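The first chain written gets the first letter, and so on, giving A, B, C, D, E and F; residue counts start at 1 in each chain.
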Amino acid sequence: MNDRILGDDASRGGARGGTLVTKRFFALDGKGYEAGALSAKQKELLGLVASMVLRCDDCIAYHIDQCVAVGATDDELWETFDIALIVGGSIVIPHLRRGVEFLDMARAKAAM
Amino acid sequence: MNDRILGDDASRGGARGGTLVTKRFFALDGKGYEAGALSAKQKELLGLVASMVLRCDDCIAYHIDQCVAVGATDDELWETFDIALIVGGSIVIPHLRRGVEFLDMARAKAAM
Amino acid sequence: MNDRILGDDASRGGARGGTLVTKRFFALDGKGYEAGALSAKQKELLGLVASMVLRCDDCIAYHIDQCVAVGATDDELWETFDIALIVGGSIVIPHLRRGVEFLDMARAKAAM
Amino acid sequence: MNDRILGDDASRGGARGGTLVTKRFFALDGKGYEAGALSAKQKELLGLVASMVLRCDDCIAYHIDQCVAVGATDDELWETFDIALIVGGSIVIPHLRRGVEFLDMARAKAAM
Amino acid sequence: MNDRILGDDASRGGARGGTLVTKRFFALDGKGYEAGALSAKQKELLGLVASMVLRCDDCIAYHIDQCVAVGATDDELWETFDIALIVGGSIVIPHLRRGVEFLDMARAKAAM
Amino acid sequence: MNDRILGDDASRGGARGGTLVTKRFFALDGKGYEAGALSAKQKELLGLVASMVLRCDDCIAYHIDQCVAVGATDDELWETFDIALIVGGSIVIPHLRRGVEFLDMARAKAAM
């Protein structure tokens, strides 16, 4: 799907894909999470809590994978879940449940 | 206002205030930001980014004050603003502007 | 302002106002809160909790006035605030504070 | 999944689960819906309308089950749907459709 | 499902369906998109961008079908996606991906 | 404030301002509204409806000014308000009221 959006028209059989604006947005989205004054792990935890209070499951799954990849511990992730739960309320609970499933899958994959 | 909500009826002239549920929620809200696996600073930055994407100015002002109190640098705050801006979009811009005003006030107060 | 939106063009110096769609929406908004299987008080409490979790201060002020007008007690209002707080999270707190102010004003006005 | 979040580490093979903050939040969530000045039914209808305007299908399904369990009638539920629809707009419609499916399932289960 | 909501009780085996308020809301929802000062295409693009920033997949699918039906081009749709992406942020990305899938399906169906 | 965010450190007395990510986001935000397959007017109406359903008054004021600048008529604006009202519900009403005030101010300024 990323190629469908970001690739050139030839690669998708001539169908129109993302504009220059779309492509720049995707590039900026990647750049925002690069380590700076905050580490990559801190930024991924920020992305995770933002995704949880906005209740976007795909975004939660993505950021949990990234958090695991850059070394976040379970304790750090649960404390991040708690901030999301307190700020966002019980409406976050179904997304927290799915977050735990995503985390278990990410840990299982990393253990293989 | 906190006394109006959390105090006892006598302290507010007999008017009804927060219930036991209200009081427990406020207590839990405080407890969630105590240092644990994540430092108080990391948790305040998480609270800040969540407040920015949910676009709550009072919450942004509160967390910026807390961030300054626990030693967050301007660079760390601007990188947190950036995550909020990318995740939440241009609709966050007016709140980012006010966040900068809150930060300038917090720095000025801390310099006095 | 309601006349600016719902009145006829002559009443606002020729400026365009709400369309037929706008006017029908406003009429439907009024009709939805009329007593039916649920009492007017129950419906106003529903409107209040919805306004609180969506964090709209003008809507909260309006529904608190209506709740007071149809006889809601302070205990009923605080329990409604609690549901909003639990479902919507700490992001609701600034709106709960303003809700208490609106309530105090509504009670003071009713006592005059 | 509740045991995965709220149980002790032994019960989930040593994996970390919810913190003390998580557990207290879940307990408070339950406590908020206990009968008080408002009946359990009135509180469940408040939880339902809040879930609908925030557009959380899992929460809608849960509260409809609870509403049926505490004796809410179809007329009361449809009037609650209407408040959600008016306050939250057409964006609520897909969730209203699923709400009707949840209700039909809850009634069918109760009739068995 | 529309008949379940908008039909008469006999057509759904006696079960209660939408109230007069529900039915009027659905009628108004249809009326709002009729051509006026803005063309039907412009209104559908407005409905699409609103659905994208509010992140409602069913609504996005519906409006993309309507946009294709009234002659919106791929370039017009991608520029609408871009406004949603900029205003709503990266949280819109999963919905943009699904929007592209809906669009490909709508074009395939129209080509049959 | 734009200079506070986008200017160089010297122009704001050495205080830190927006990062490269912040600046690129602001640039992209401007680029998204340039005329393409859709006219500047159509894009501004899209930005307006998105701002209304997300309920951001500063954004609504900005886009109404832009809409007036690129020649949107009152009828086009009221039909855009209607889409926002139907999609977003009665919670949009306070923002619609302020939108009308912004429009009256923009027309008065343009008439001077």
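One rule holds for everything that comes next: a residue touches a chain if its C-beta (ideal position, glycine included) is under 8 Å from a C-beta of that chain, and two chains touch if they have at least 3 such contacts.
From a predicted model like this one, the values you see are computed outputs, not experimental measurements.
J.: Taking mean CA positions as centres, which chain lies farthest from chain C?
T.: If we average the C-alpha coordinates per chain, A ends up farthest from chain C.
J.: Roughly how far apart in rotation are chain D and chain E when fitted on CA atoms, stated in degrees to the nearest 5?
T.: 120
J.: Check A-F against C-F and say which one is joined by more contacting C-beta pairs.
T.: More C-beta contacts join the chains of C-F.
J.: Shared interface numbers for chain A and chain C above half of all numbers used, same, or below, different?
T.: Result for this pair: same.
J.: How many angstrom lie between the CA centroids of chain E and chain F, rounded to a whole number?
T.: Centre separation, chain E to chain F: 23 Å.
J.: If you average the CA atoms of chain B and of chain E, how far apart do the two points sit, in angstrom?
T.: Chain B and chain E have C-alpha centres separated by 37 Å.
J.: Residues of chain D that contact two or more other chains, please.
T.: 19, 21, 25, 28-29, 32, 36, 50-51, 53-54, 59, 75, 78-79, 82, 85-88, 90-91
J.: Sort the chain contact graph into one of these: line, ring, star, complete or other.
T.: Its topology is that of a complete graph.
J.: Given the complex with chain A, which residues does chain F contribute to the contact?
T.: Against chain A, the touching part of chain F is residues 19-21, 24-25, 28, 31-32, 36.
J.: Report the residues of chain A in contact with chain E in the complex, numbered from low to high.
T.: The touching residues are 1, 4-5, 15-19, 21-22, 25-26, 29, 50-51, 54, 56, 58-59.
J.: State the interface residues of chain D toward chain F in the complex, per the touch definition above.
T.: Chain D residues touching chain F: 53, 85-92.
J.: Using the touch definition from the top, list the residues of chain E that touch chain A in their complex.
T.: 55, 74-75, 78-79, 81-82, 85-86, 90-91, 93-94, 96-97, 100-101, 104, 107
J.: Write out the stretch or stretches of chain C touching chain D in their complex.
T.: Of all residues in chain C, those touching chain D are 28-29, 32-33, 36-38, 42-43, 45-47, 49-51, 53-54, 59, 73, 75-76, 78-80, 82-84, 86-88.
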